[in-house]
Every structure is written in C-alpha cells, then in structure tokens.
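Below is one structure, written out as structure tokens, with a few remarks after it.
Chains: A, B, C and D, in written order; residue numbering restarts at 1 for each.
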C-alpha cells in the first residue's frame, strides 16, 4: 500500500523543518517562536515514522520514539508557555526584542 | 487497484502541500491566533501522513496530544497574553534575509544529500504491520524504563508549570 | 684518705676564685687577694695528701669523655703519677706563698682584684697542665698560661714598654706553641693516641719488642714538641721575651717567669720522655740547645745592671741546665733541678721585689749597703744565691751535681766542661749582684730604703727553708730517693755518684764567689780594666748578643716590608676589582631598569590593551536578543554540515 | 425459524448494502465499487446524523415539558413531529450577523470545524452486528482523539467573536472540556483492559454471553466506570448540569453568543450529535452495544442509546447548575481519583476468583468513596466573606 518513495517524505519533512527554523529565527513574538519549535519537532517526528516504516527492522521503535518526542514536546511547550506567562505578568510584553536585559 | 494507489499518492502529495502551506502560514501570519490555528491544521495534516505511513495509533496519539493538548495550551497562552483588540504589528525582525539565505543553503545541502544517499529501504520493513498490541508490548517490554522516565518528566513539568505560572499573591505564600 | 674527685677540686678552686674576682672585682677590692690566697691554699691543702699518697706509691688515673668526634670518644682526665705529683706539690706550695707575698706587694694598686683574678686563672691553668693526662688538655692549659702571662706582663699597660713586652712575650711563645701543636698532632698521626699513659705503654712495649715504629714521624713529632719547650721555656732562639717580661709586677715574674710557667716547657719534655727515648738521635739536639742557652744566658747576665734582668738571664741559663739534663736522658736530674730551682729562683725574685719595693729603684749600680736596712730580705737573698751557686748543703748543689754527673757519666765531656764554666759564671754574677746591692757603700738609693712588712718577709723565709730542705730527697742522704721515685714510671740510665764531679762543682762555685767578692768589694777598678781589654766580649754580653736588634732587623723589618707590599697589592688589585664590579653592576642595573620599563612593562601593557580591544570587538555579539544567538547557532551548524558533508 | 427471521431482520441493512454493491459491480470497475461502498456508508451517516439531531431536539423539548408538567411542542405536525423541520427552516431564514471587528475567517470557520469531528466520530460507533462504518482496531482511541479536538473550534468561536462574554465562556468551556476529558479517557481504560482491545466491535463481542449477564455494567468496576463515563459525557457535550459556559443567566450564550442563523444551528447540531455519539459509545462500552436476546442488534443499540439520552435529558430537567470551581473540583478531585481506583479494581478483578473479587472490590470501592468524599469536603474552599457583610 506504500506508494511514496522515502526521499520524497524526507524532503517534505526537511522543508517543514526549514519552515520551523525560519519561524524560530524570525518571529517577533515568543509564543510564535514556541509554535515554530513545535513545528520543527513535528518534522522530526515525520522522519522518525518514515524511517521506521521504510528501513528499520523492528517497526515499533520509530513509533515509540515518536511517542516519546510528542510527550517531551508537550512538556517543553507547557514549561515554555508557563515561563512566557510569568514573563508577561512581570514585563507586560512577549515581544522577543523587548526582552534583552541579559547583555553586557 | 492501481488507481486507488495513484489516488492515495496524489492525496498524500496534496496533504503534504497543504501542510507546507499551513506551516508557512504559522510562520508568516501576523495574527498569532491564526498561526496557532494553522499549526493545528498542520498537525492534523501530519496525522493524516502518519495514517498513510500505516502508523494509525500514532496518528490518533498525535491528534489527541498535539492537536488537542499542545495547541489548546498555546491558545490559552495566546489568550492570556494578547490584548484582545491589539493592532497586529509587523512580525518578522531584521534577521529574515540572513535567515532565509541560511535556510536555502540548508535545504539545498540536505536535499542533495537525501537524493544522493542510497536509503536502505527493505521490502520486509515495508510489509511489516505495526499493531497496537505490538506497540503495547514494546512499550511495556524493551522500552519500559523510558516509559517510566517519561512519566516522571511529565509530572515534573506539570509541577514546574504550576509553580512558574501561579500568581504569587502574598498571603498565600507557603 | 684520697678520693678521685678530690683531685678535681684542686684546679677548680683557683678557677672559682678567678671567676668571683673577675665578676665581683670592683665590689671585692682588697678582699680579692684573700679570696685567691684562700683558694690556692685550700687547693694546696687538698693536693698535699694526694701527693703524699703518690709518694707512697699510689697511682690515680681517671678519664671522662668530653666530646664524641663521630663515634671516636675524645677523653679528658687527670693522671697522678710521680712526675705530676712532684710538680703539683711544687706548684701549689710556691703559688700560695707567692700569692701571699703579692698581697703585700700589690697593696694600693687600683686594679688589685683584676691582678689576683689573673693570678688565680694562671694557678688553675698550671694545675690542670700538671695533672692533665693527654696532650690536648695539656695544650689547652698551656695556651691559658700564655694568655695569663700576656695579661700579667702587660698589667701596667699604661707603660708602653709593658704593653710591647707583653705583646712580644705572647708572640714569641705563640711561635713555640704552634710548633708544639704540630708536634702532638704528628704524634697523634704516628701512634694514634694523645693519652700519656697509653703513649708510654705503647712506646715502651714497642721499645722492648723492637717493633717497627715509623721513627721518622716520631722524630718529627719530638722535634716539634721540643719547639714548644724552646718557645715556652725561653731556650736559645726564642729566649728574647723573658728579660722584657720583667716589666710585669715582681710577684708575676717570680711565679710565672721563674717557677712555674717556664718550667712547663721542661715538664713537657719530661712528660714525653718515652717519646724522646724512642727517638735517640733527637737528644743531642736537645742537649746542644740546652748547653748553648745556659752558657749564653750566663755570659749575658755577667754585665747586666738591672737586678730583675740579671735574675731573668740566670733563669734562662738554669732552664738551659734542665734541658741539657733531659737531653742527656737524665729525667730524674732534670726534674729534681726544676723543683729546687723553682724554690730558690722564686725566693730570689721575691727578694728582688722587696728590694725594689723598699728602694724603689731597679738599677743595682745605684743601690748598695742595703744589708742593714733590709736584713730579712738580704739574708734570704743570700741563702737563695748560695743555693743557686751550688754550695753543698743547699738544694742547688745536689740538683746541679746530678746534672753534671749525668753529663760526666754519659761521657760527653764538652757538655760537662761548658756546664762547669756556666756554673762558675752563675756563681760569679749572683754574688756580683749581692755585693753591689747589699754590701759596699750606699749610693743614693739606699738612703730611705726600708724593710718590707711581715706579710712579704714571711713567705721569703718559708721559701728559704724550702730551698734548703728540698734538696735532701734527691741527695745521697736519702739514697737518691727522688731519682728512684722518678724511675718508677720511666726507665732511664743511672749513674753512680762520683766524688770527682762533686769536688769540681764545689771548687768552681767557691772560685766564682771569691772572684766576685774581690772585684766588687776591694778592687773596684778590676771590673773596668777587664771591660776595657776585652771590649768586644763586654759589648757582646751587655747588648745581649744583639739578638733583639738582629730579630728586628732581619725578621720584623722584612715582615713589615712584606705586609706593606701586601697592603699595596690589596689596595690596588682587590679593592680595585671590588669597586669596578660595583660600578659594573650599577651600569648593568641601569640597563636592566631600561629593559624592564620599556620592554617588559611595554609588553604587559600591550597585552592589556590588546585584550581590551578584543573584548570590545567580541562584546557586540551579546546583543541580548535570543534570536540572534539562535541564528548564530544555526549558521554554524550549517557551516559544519557543509564542511562535513563536503558535497562540493 | 425465529432465529432465521431474527438474523434476516438483523442483517437487513448489511444485506441491502451488499445487494446494491453487487448491482454496481456489474458495470463499474472494481475500484469504483470500493469508492461506491465508501460513499454509500458515508451518505447514510451524513443523513442519519442531522435527522437524529433534529429529532433529539424535539425529544428533549417534549421530555423537558413532561418533566415540567407541560406538553412539549405539539403544534407543528402530529405530536410536534415536524417541529425540528420548522426550527431548521427558521435557522436558515434567520439573518446571519457577524460582529463588526470580529475575525471574519475564524468566525466563519468555527461552526464548520465543530461539526466535522462530531460527524467523524460516527465512523467508529458500532450500530449493529456488522454495522460499524470502519472497523478500526484503534477505534476507541480514535474516538477519544476526535473528541479532544472539539475544544479547538470552541476557542475559535469565542476568540473570533471579539467580546468578553464569549471569550470568558470559551475559556470556561475549554477548561471544563479538558478537565472532563481525562476522567472520561481513564473511565474507558477498564473496559479496554477487560476486552483486551481498542476496537469497539471487539469490546461489544467481549460482552456477549448467555442471558446478557456479561455486560460490563454488571461488574463493580463496570458500574463505577459507567457512572463516571456518563457524567463526563454530559460534561463533554456541555449539557446541564455541566452547561455553565453557555448558561443563559450568566454569560448570555457562552461562546456562541455572536452566532446566529445557520452558524448557530451548526453549533446546536454538533452539540446534539456529540450527545448521541457519547451515549452510543457509553452503551457499547458498558451496556453491551447491540447485544440483546431477541430483537435485531441495531434495534438494541438504538434502544440503549435512546434510554441514555433520555437520562441525559432527565438530568437537564432536574439538576441545578454546577458552580465553576465545584465543577472543576469535582472533575479533578473526585472523578479522576475514582477512575484510578477503578482501574486498580479491574486489575484486582482480573486476577482474583469470582466471589473473593466481588467482596474485595466492594470493600475497596466503599473505602475509596468514603475517603474521597471526606477529602473533598475538607478541600472545598470555605465561604468567601465580603467586607460589606461584617
């Protein structure tokens, strides 16, 4: 039933990953950055599943890895957003370029 | 049934394109709420991709966890931090040209890599069916330890977020 | 009853007296004399029973380790054998008497306590010398005595002559001491021990078994040790210091330069008699030196006018006698003469002292007719002179006879002849002295001379009695007990007494006395005529064989010249180099300082500014925007990837 | 004989579909046939969904009326049967108002996005013996996943309408939906453990047995699981007593205040479809789905879900509304621990003998209920004192 060649999926996830990085680098809003990080993790997941489907000997590993990645991503998002909330409460802003005290 | 396969192939390509478009939306849209929604759409799209890659269980998990929990969390955060009627300001900052060039370089580099390296695609892997039973056994068997560790991490994150995000009103201090 | 540590007390008491006098001298003032007299008399009281026990034949020797020369123990201790017993007896008795005399003589002297401190230190040194059982302790006490003689001679240090005399005495004895030191070190090298009894044992046993002893080394050792004697007992080349030593107060001269210290040299030879016996070909040298000294000193004494100088030269001549006796391997004769000579020479000096004390003048030509004014002094003086001259009943005769017998018996008649001539000269100059000072008309000094107080005359009488009685033990009356007593420790050849020798010595003595009486009492002009027709002899005798001039001309002057040269060399070369190095370092430090400021500091400052510059450059990276950092990370990863994959 | 008739009636729908497919396969290529079967089942669901929804609204208004001792709508058609059609026409003709600076796209999207998951859930519901649309082997997980997505459109609706009430309502609904989703998922776990599989079909088959005594509800953990699941279900579709978010008295109409006309109808439809599916799933999980002694399987299934829906409507008529913090406290501090204990019970049930199991489970159940109630009483925050009252 599998019709797609592996390289197509890899290229697709690469593009998705590149878009994620672009978002992380460029978004002005911190939550925007977090969202793009989620996107990047998702791209990685696709790769995991694709490889476990196409190449790996024990099919479950890829999926379990993906499962763990999703769990970790969820925790990261949770903690990240908690920090953003705390930051917002203190500094009343979530724009990345306004949060720049940690410099020389 | 070649036609169905062709249909599925085109379907997946279409879904991939859709995901990419939504991803671009996530990155470039000014209104943060729209980005979150595009993210949700993108995530559901990847769930569809998982289904195509015969990983239904993971697709369900993806929808349940990612689209359901993480996106809701993000939307909660957006609601709490965005002013309701705020005029949206230009989103990207000065780094975009440099970032774009870097990205194009990366994409070019890796696509060449992907196309050139002979991936060890094995027929047996293609045939293998992954059942939920198998996943359950693997999770409980070989990956039992990571499973426990993940639970601990989740709890820690849970407590962490509560502590960080809690409004520290003085009289209630521990 | 005699115990061993009793003997240790004997030297200790004078030392305690010395310490108290030195420390509390200013406070003690007059009482210092009584303290030192008490100390020496107490020492005498303790020493006498010990000597008596040794006379009975006892023998004490005790050693304690003083220090460890890397596991070889250096042992010191005391040895009480016949030789040291007699000496101890003589030293303590004579010392005590002279100190009592000195109390009277030095009365009213501002540095009274210091004098007695030095005297008791000398007593301590002499006693330790006498009872010491090894060369090292012997040498240490020898050195202390040299010091005391220097201090006491230079007692009136305000007088330049006294200061120069003390320095001269000290230096000349030092030369002898160096010889002595080298001697006993070579001895140690030869036989490996410094202890007298061990040495005696070793040498006699070797002598008996004719074992091969490296006689050459022993000869060298003996010779060097004899140098010590020459220096200390004022023998032929190094005798010049004794006449000048008369600058010190008379009791000092009596004690040190008559009885004890000068006798130490002879005692040394007696102590190492077995060494000299083991090396027989050294003995002629000793006898030669002894006879020369004796004859020369007597000859000089003939023309001296200062009373103390005459006595000094007579002492030198008598010491010459003792050395010749030892040279002829007559241990008994030499020591016996030493003991007897100590008594009557001390008496002579004390007598002269009381004469000077009374007449306040030293030149015998100004004295005269003092007999009536100072009867005690005169009588004791005459007794001593008789003993010295060698008139039979007195001790002098017996001891001098022994020596002459040794000379006659051993067959070298030349020595016997010279000794007889010296004996004649001795008798002559002694009685010249007597007649000039005590008899005849009183020249100006005699006018207000007065007899010395009892404190001084009593010791004179004791010594007189001593000089009479001390001769008996060695005389045939007691069957030569002294010689046999001496023979206990060391065997030496015995000569049966011969009447001829006795006769000759008596004849010679009487001849001398009568000649002196004739010349100086009746025919005054004879002296002048003799002087006129033997001008060279007279000048020679009067000017003391020109030794002083000779020494100063041929030794002192070149020495000074040499020192001046060295000083010049030192000035130019050594100081020059020192100054130059100083200047060089100054220059170098200047250069270094320049280097330090410009190069080193320069570098450091440069580094500082460099770091600051780099810092300001790299500082810009930390913009505070988190996305910048992310971009940097991403680009670097990309770079690594590109480099790694090398997909060109 | 009767068994044959039963079987025949039971399979009526399945055979109908098979007959049509045979007909088509004669002159269509095979892949077209596959497509056709998909479209047939798709069309059936898409029609059945709204019809059920319409008649559920009528049923609810009739029953509420009866509870409040009055007739329900009976003017339009015989016993008010045409009332839903009348409502539908009304919804269509109503003017569709969009708030001025509302977020146009999201405002339009919200109702659509809420209906799609509601319809997608029908895929997994087992209507009859071989009448589940797609027999996914992760059926139940699919159901939970889809129900978790429903939170998203609510957010979209409340945020897009740009007014405080809808925002507050949206936040509250979202909070409630999330906090009740967890106990619901955990309540389902015992059923999965016992039936050893996630697909709804096997779960129903696991409950088969003589005289229908093997339904999960007849086991101690089954009862507890059913009650918890049912409560969470009512909360999940915002039906009273958990319908605080769009409670008329406080927040006007909650997150869909700004909606009118067709969009409001869509929200309404999604809500009722959710109730139907949730009750259907509750029935499959605990009441043995289409298991029944005599009547055809699909009839049994529809009967059971119909009974559960009536219970829900009954709830509406009787229970007062929950206060927000009680609502949340109830979910987190009572239901969640209870489900955990329930899972423990099923494990216990699995490995102990019959009689001992009953005894032990009742004992544990009693103790845990007692402690939970005791604990909750202590944690309830005491009454707030307003300064004016002093």
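The rule is short, and it goes like this: a residue touches a chain if its C-beta (ideal position, glycine included) is under 8 Å from a C-beta of that chain, and two chains touch if they have at least 3 such contacts.
Computed from a predicted structure; not experimentally measured.
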Chain ID, smallest distance between chain and overall C-alpha centroids: A
Chain whose Cα centroid lies at the greatest distance from that of subunit C: D
Whole-Å gap between the CA centroids of subunit A and subunit B: 6
Whole-Å separation of chain centres (CA-atom averages), subunit B against subunit C: 118
Computed distance of Cα centres, subunit C from subunit A, in Å: 113
Centre-of-Cα separation between subunit D and subunit A, whole angstrom: 33
Residue numbers of subunit D (touch at least two other chains): none
Overlap residues in subunit B, where contacts from two or more other chains coincide: 57, 61, 69, 76, 93, 95, 99, 106, 110
Subunit A residues counted as touching two or more neighbouring chains: 21, 25-26, 96-97
All pairs of touching chains, each written as two labels joined by a dash: A-B, A-C, B-C, B-D
Parts of subunit B lying in touch with subunit D, wherever the complex brings them together: 1, 3-4, 31, 33-34, 37, 40, 44, 56-57, 60-61, 63-64, 67-69, 71-72, 75-76, 79, 84-85, 131-132
Contact set on subunit A toward subunit C in their complex: 21, 24-26, 33, 96-97, 99-104
Touching residues (chain side subunit B, partner subunit C) in the complex: 93, 95, 98-99, 102, 105-106, 109-110, 112-113, 116
Contact footprint of subunit B on subunit C as seen in their complex: 625, 627-628, 631, 634-635, 638, 641-642, 645, 647
Subunit A contact footprint on subunit B (complex, rising order): 5-6, 8-9, 12, 16, 19-20, 23-24, 26-27, 32, 35-36, 39, 42-43, 46, 49-50, 52-55, 57-58, 61-62, 65-66, 69-70, 73-74, 76-78, 80-81, 89-93, 95-96, 99-100, 103, 106-107, 110-111, 114-115, 119-122, 124-126, 128-130, 134-135, 138-139, 143, 146, 150, 153-154, 156-158, 160-162, 164-165, 167
